[in-house]
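Notes to accompany the following structure.
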């Protein structure tokens, strides 16, 4: 028996067939789906990332044509006392904000994770501050901490303590900002910790109880280690956000009094949009970017060695 | 070594569920007591009350002479092995074993000694530096036992410790448990839904259903003389055949057979016949008309599934427990409500043919009778 | 996951000593709750006071009358209607844009094997590592070149699609059983059809979460509007509030009234959709 003769399709047929394969292929479908996102993210994220780097090598006042100045902006930053001060302020803020909000969040989550009367009310009270925008929070505290008419000074006077200048006192303003932002963000940490606490298997806690651990020991030796990944996440997340502090500063102190609350991003805003030194501003932004990256990597590296992932 | 006593213990949960009702039980010092019953019978709740993880709504729990109702779990000198082992996932096996001792501030040298001793006893000494996630199910189970043993407690509580193991490992571990208990002699209370474990492991077993104690006694006694229809149907595998019958004039009739049993009166009864007591009919023995449906050869015996001409026994006590077996997984010819499934265990030489009807006889002394309303045995 | 369930704590319902008639936790939680609520309660009280009452020391804790007139006064002092409209457009468009474009891209990355998909996804993820301040100036220049300065369009454009949303939906889509989609493919449904008819209906929780996150974020956004909006006609609510405060910075009763108004939509969303709100916050921690 001989096999039936096969003939190849004509060259034209082959070309049409190949084209049809491409058109109906997965690759085209995939790219079609991805294109809108790719264009938007390309134009509004990828291009700016590169352009910003370029800007940082320029002297650019957003009006006249820019000219290339190499690393001059970065060298200027090194010697800029206001910039150095802004770094100090940002670091002080971060070093206070992160531990207070993360561990405060943990303490509150533990307290809220039980079945006592009014617990729904307590939880709501803690979560509600998440609803306030940074601007609203700023106004609330601006008024609460007003040196003349503020509620806080009134409360102090009732207890016989002296009146404070708060946001108008260069030595107090930054700490007031810490308090304000902790108030605004505590609910976030609490929600995340609450979810994590409820993920701890109940029989582990019972086993610890039977093994002789007191409530506190159970907390310290079982719950806290199991919450390790959550704690790491919150520390990293809070640090990144703290380093980018801006809104509350703008709304309350505008970087004052006497520049005592000028943080890095606020300084960037001033340079780029008030003094129109866009190149300088871009350089600040890149320095901030690298700082955030390095700090995050260090935190993750430290965390990896201490945090145990149950999976 | 103290024993454990429960007196009229009751547990009612908010919402009205009564998990344990009027449970009175005494576990002797050094005894291996098994609480067995279907899911939801209250055995785990009872165990948790003994452990101190739940408070009784009423009644007294004693460990030794001491009333422990208000004593927190950590002060009761008990140790528990959980069904899912509850090993601390972030600690190595060594630290898991050491944990109970560290909580009680035992000296470091003593901790090390005990941990090593227990690890060797259970065969996990090579696993000490691993984490629970890196262990197999059987290894985890042994570590969980080790963590309980390391404290040398007065009472040892086990909550279905074998249920997560595969069949082969279960058989092996059952034997190790028995050996361990023989060696250590600790009062042990063991919860399971598996009646094979109950029969093989316990000095005495307590059968529970719906929160109530159905029968308490040595395994053989519970098997030979079940106190009610529930216990009769629960203990023994394959389960006892329970059929509706009629007592009249000193004779009992069911499924085509009839035998003498004086002193019962004229009433409806439940007749219980264990599959292993059935054998091909001989003269002089009462015999059931048994229509063969499925034959399962097991090598040393055959299990014959079929039907008899009698209605299935249903009592209040039976309803709601393991109803899967009651509705029946076999397909039968439907001849109306007068037939129900039955099982027999025969010698392979007597293996019947599927589809035929055979007569299987039973010694009247092996037939159990129960009251159809209360389920209680009629003796 | 709901935070309404209470897991049993160590020896829950177990014996122990209790000295007080109530749980000692109240002693901790009650003051904390008070501290968390006082600023908000005070805000409402001040918003109902007259200017004299607001500007008095000691502060008037319980105003003699409720001056609801502060609200219309604040509304008219600055174009609040514009503020809310602009915010609604901004947040709404950003939310819808994200849901549409991130679904498309997320699905493609999750289920379609196409050339360059891995590289592209990594590039998307990399953009997440860069803080917004780096993008700020060039994005401003781009929007300026598009002629969208001082318009709601300029607010919306950079926020139509986020790499975060793409990542989140891709991860979620991958958890859905692929058999459903395969069955549809065999039946001849197009890829788009599968996405719309099968995958999206199953993804409601993730879509709701992403939608809420994006909506709330855009509603509360301040820095970007600050940079590109110059007039109150096109200002969204957060920016508008600062205009109010700038023009009336001694009339705190008005400012507080304006602030309360700005919070009402978010508060309403929170109270109505509490579960979704909390779930979307918790989600950022679970990723």
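Order of writing sets the chain letters: A, B and C. Residues in each chain are counted from 1.
Note that in this section a residue touches a chain if its C-beta (ideal position, glycine included) is under 8 Å from a C-beta of that chain, and two chains touch if they have at least 3 such contacts.
Small disclaimer: the values here were computed from a predicted structure and weren't measured.
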{"item": "Two chains sharing the most C-beta contacts", "value": "A-C"}
{"item": "Most distant chain from chain A by Cα centroid", "value": "B"}
{"item": "Centre-of-Cα separation between chain C and chain A, whole angstrom", "value": "14"}
{"item": "Computed distance of Cα centres, chain C from chain B, in Å", "value": "56"}
{"item": "Junction residues of chain C, two or more chains touched", "value": "11, 14"}
{"item": "Junction residues of chain A, two or more chains touched", "value": "206, 208-209, 213"}
{"item": "Junction residues of chain B - those touching two or more other chains", "value": "52-53, 72-73"}
{"item": "Residues on chain A engaged by chain B in the complex (per definition of touch)", "value": "201, 203-204, 206-214, 217, 221-222, 225-226, 228, 308, 310-311"}
{"item": "Residues of chain B defined as touching chain A within the complex", "value": "51-53, 72-74, 78-80, 82, 84, 86, 88-90, 99-100, 103-104, 131, 133, 147, 151"}
{"item": "Contact footprint of chain C on chain A as seen in their complex", "value": "26-31, 33-34, 36-38, 40-41, 43-49, 51-52, 55, 62, 108, 111-118, 121-123, 125-136, 139-141, 143-144, 146, 148-151, 154, 157, 183, 186-188, 191-192, 194-198, 200, 202, 205-206, 208-209, 213, 215, 218, 230, 233-234, 237, 240, 244, 246-247, 250-251, 265, 268-269, 272-273, 278, 281-282, 285-286, 288-289, 292-293"}
{"item": "Of all residues in chain C, those that touch chain A in their complex", "value": "1, 3, 5-11, 14, 22-23, 25-26, 28-30, 32-33, 35-40, 42-43, 46, 54-59, 100-102, 104-105, 107-109, 112-115, 117, 120, 123-124, 127, 129-139, 141-142, 157-158, 160-163, 166, 191, 195, 219-220, 222-223, 226-227, 238, 241-242, 245, 252, 255-256, 259, 262-263, 266-267, 270, 278, 281-282, 284-286"}
